[in-house]
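First the structure, in the form of C-alpha cells, and then the observations on it.
Letters A, B, C and D mark the chains in the order given here, with residues in each chain numbered from 1 onward.
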Amino acid sequence: MLADLGVLDGFGNVSVRHDKDANRYLMSRSMAPGLVKPEDILEYDLESVAVDARKQALFLERFIHGEIYKARPDVKAVVHCHSPTLIPFGATTVRLQPIYHMSSFLGVGVPVFEIRDAAGRGSDMLVRNGAIGAALARVLADKPVALMRGHGAVAVGSSVPQVVFRAYYAEMNARLQAEALRLGPVTYLTAEEAAASARTNDGVLLRAWDLWKRKAMKPE
Amino acid sequence: MLADLGVLDGFGNVSVRHDKDANRYLMSRSMAPGLVKPEDILEYDLESVAVDARKQALFLERFIHGEIYKARPDVKAVVHCHSPTLIPFGATTVRLQPIYHMSSFLGVGVPVFEIRDAAGRGSDMLVRNGAIGAALARVLADKPVALMRGHGAVAVGSSVPQVVFRAYYAEMNARLQAEALRLGPVTYLTAEEAAASARTNDGVLLRAWDLWKRKAMKPE
Amino acid sequence: MLADLGVLDGFGNVSVRHDKDANRYLMSRSMAPGLVKPEDILEYDLESVAVDARKQALFLERFIHGEIYKARPDVKAVVHCHSPTLIPFGATTVRLQPIYHMSSFLGVGVPVFEIRDAAGRGSDMLVRNGAIGAALARVLADKPVALMRGHGAVAVGSSVPQVVFRAYYAEMNARLQAEALRLGPVTYLTAEEAAASARTNDGVLLRAWDLWKRKAMKPE
Amino acid sequence: MLADLGVLDGFGNVSVRHDKDANRYLMSRSMAPGLVKPEDILEYDLESVAVDARKQALFLERFIHGEIYKARPDVKAVVHCHSPTLIPFGATTVRLQPIYHMSSFLGVGVPVFEIRDAAGRGSDMLVRNGAIGAALARVLADKPVALMRGHGAVAVGSSVPQVVFRAYYAEMNARLQAEALRLGPVTYLTAEEAAASARTNDGVLLRAWDLWKRKAMKPE
C-alpha cells in the first residue's frame, strides 16, 4: 500500500506490535517492502533479535522499531521511510507544520533526529544498534512523526491504518507546505484546530484505508 | 473520474441536485468517492438529513452541499475536494486568477472561506453543521469556486460535467499559476477575455468529459 | 501518443497536410484527440472549410492549421496544445531557450502570440477565424514553435514524427528550464550548438517515435 | 528497468563489459532502450567498433562507453541518460551533493563535462568520436557519476545493479536537492558519512533491484 502511494520504494520497513505479546513485534526479513509475502514476516523481541530468523537476512535498522516499541507502549505500528518530500525538511531548518486538516496530527510538532548526536560524524547514517535506536526514540518522544536528517522519517500509530494514514499525509503535507512557502507567508492550523481535527480524522481514516487496500489488492 | 484525475483521494464528496425535486440532493454514504457504487447513493433534503439513511454513516460535511443548494438555485452539482494544488492558495494571500482559457471560469474571482470566522479558532476544520455551511455558501456567493483555508475547496456547476470540468481546471490553474509566479509577473486573462472564454468553454466541455469517462469506465 | 505523453488532454488538435494535395489537410472532427479513430478524420481546404463535414462539429480553432499550411509550404504537420509546462512561459516575459540538445530546435527562438494584438482585449482567446489564424502564422514566421499567451502553443514540422518530437521536447524543455532558473543563471546551447544538434536529432527521431508508438498501440 | 523509473526515455544507452573479454563491451544497436531485446545486442571493442554490426545502425555516442571502459578497468557497466532532474544541475553552477544516504555515492563529487572544451562552441553536443569520449572519461576520472552540460549524465558501476542504482538515485538526489535549496541552506552528508553509507548501500542494492526487476518483467 505504501509502495503504491510512493512513500516506500525498494527500501524502508513497516512493523506491527504482536497482538498477543506486547514484547514482540512482526516485520519482514530484509527485502523491498512492496514484495513482502506472509511467509517473509519474522517475529522479533524488543532487543530486535529475531526469535526464529531461519537464517534470513534481517534489516540493519530493525532497532528503530524495537526501541520505539520499548519506549512507547501506546505504539502498535511503525513505518520507517525515505519519502521524497520529507527529505528536504530533514536537511534544512524549516519545520513541518500542518497546512491542512488531513495532516493535523503534525500539529504537536515534528522533531528532527540528527544521527551525529548519537553516532558521531562518520556514521553510515543507519540506526544499526540499540543505542542509536534509543536516541531516535528519545527525539521522537510522544510525537507521531520524526524526521531523520539525511535519511528519512519514522511514523508511529496505534494501528496499522493510522500509521499508514500518517506516513502518507506527512508526505503530502511536506509537498504542499513547500509549495505554499514559495507563494508567501503561510497560515497553518492553530494548535487547537490541529488537535480537534486529528481527533476527528481518527474516526474516519478507514475511508482512505479501504481505497488504498483495493488498489493494493488488485491483481497485477 | 475525479479520483482518476487526482482531484479526489480517499476523501472529498460529490453531489447532484435531484432532477425531479429541487429540494433534494443525491450523495453517497460516507466512503472514498472512488469506490462509490449506485447502491451507496442516498437522498438528502436541503437540511442535509438523509431521507432514508438505512443506518449508513453519513459524511460529516454534507452541510456544504445542502446549504449551497439552498442558497444557489442555479447550482445542480457540487464537488468538495482537497486538491493538492489548491491547498497552498487557500493558506496564503495569493489569489487564484485565470492563467489560461481553460480556467477562465475563475475570472469572476475565487473567494477564500476562513472557518475561524464562522466556528472560532478551535474548530476541527469541518463544515459539520448548517450554520458553518451557510457561512461557506455566503462566501461562495455567486462564484463557481471557493477555497477553504487549511482544508480544500468547493466547486459548483449547472451540471455534473461542468462541475467536474471546473474542479479539474481549478486544480490545473493553481499548478500553472504557482509555476508562472516563480518566473516573474504574470499576465492573466482580462475580465472580458475570461467571461467570453467561459461562455465558449461551456459549449465544448463534453469533449473532456467523454475522454475522462472512457478512462473511468475502463475495466480494471 | 501525445495524450499518453501529457502534451494533450481533452483539448488540442493535430493535423497533417494531405500527401496528394498540398491545398488540403486532414484533422479529426471536434473531439478529444486521444479518442480519435480513422473514421473521425475529415479533409479541409486551406480556408479551413471541411470538404465533406458530414454534419460533424468542427474544431473552432481549425484556422490555426489552415493558415499555417497556407503561409508555410514546408510544414506538413501541426500540433496545437495546452501543454501544462508551456503555459507559464506564455504568460510571463521569460523566453524559452534550449537547455539541452533534445530541445535544440528551440534555438532559433520561440515567439509568443498575443491574441489581443489581433482580436482586441475581449476575445474568447480562440483562433476562431482566418484573420486571427493568419496573425498567428505571422508571429510563428519560420520557427518550429510559437507560444500563445493565456492559451497554449503551436508546433509545426516537416513530418508527423518530427512535430510530435517537437511538441514533447518543447514541453520537457519548459519544465527543465523553469527548474534550472530556480538554481541560478543557466548556460543554454549556443546558436551553433543548437543548429548542429537539431540537424542531428532529425536523423534519430524515429527512435522516440517507435517507443511512443508501441505504448500508444498497446491494447488497453 | 531504467525506462520504467523515468531515467531513460527514447534516448540514452546502457552497456556492460564482456564478462569473458575485458576488451569488449555489449550494447544494443541504435534504438530506444526500453525496446531492446536480446537479439538487438551487439559486441564492441574498446575503440567502439562493432565486432559484427550486421549492418545495424549504431549509437553515435558509443564512444562514451568505449573510452570509459578503456580508462577505468574497475568499471563493468555504464549508463548514459538524459535524466530530467539532472539537466538543470548540468546547466548551472550548483553542484550535486548527497542530501541523503541513498545517494551517498555522490559524496566523492560530481564533475561536469563541458563539451566546448573538447569540441568547440559549434558541436552538435554528442560524444561522437573517441577524442571527445576520452575527454569525458578524463573529467569523470575516478568518480561514479559525471554530468554533461546541455546534454545529460553518465553513471558507471562495478555491476549492472550498481549502475542502475546509481543512475536512479542520482536522479532522485537532484530532485530532492533542488527542492531543499528552495527551503534554505542544506545540510549534506559529510564526506565520512557519505563514504561509510556508500559502502553499506553496496551490500543491500539488490533489494531495489529485485523490486525494479519484478516491475520490468511484468507482462504488459
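The criterion applied here is as follows: contacts are C-beta pairs under 8 Å (C-beta built on N, C-alpha and C of every residue); 3 or more make two chains touch, one makes a residue touch a chain.
Not measured: the values here are computed from a predicted model.
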Give me the C-alpha superposition rotation for chain B onto chain C, in degrees, nearest 5. 90
Please identify which chain has its centre, taken as the mean of its CA atoms, farthest from the centre of chain A. C
So the centre of each chain is just the mean of its C-alpha atoms; given that, what is the distance between chain C and chain D in Å? 32
For chain A and chain C, what's the span in angstrom between their mean Cα positions? 45
Give me the residues of chain C that touch two or more other chains. 182
For the complex, which residues does chain C have touching chain B? 9-11, 30-32, 34-35, 60, 82, 84-85, 87-94, 121-126, 149-152, 178, 181-182, 220
Which of the residues in chain C come into contact with chain D in the complex? 98-102, 104, 172, 175-176, 179-180, 182-190, 192-193, 196-197, 199-200, 204, 207-212, 214, 218
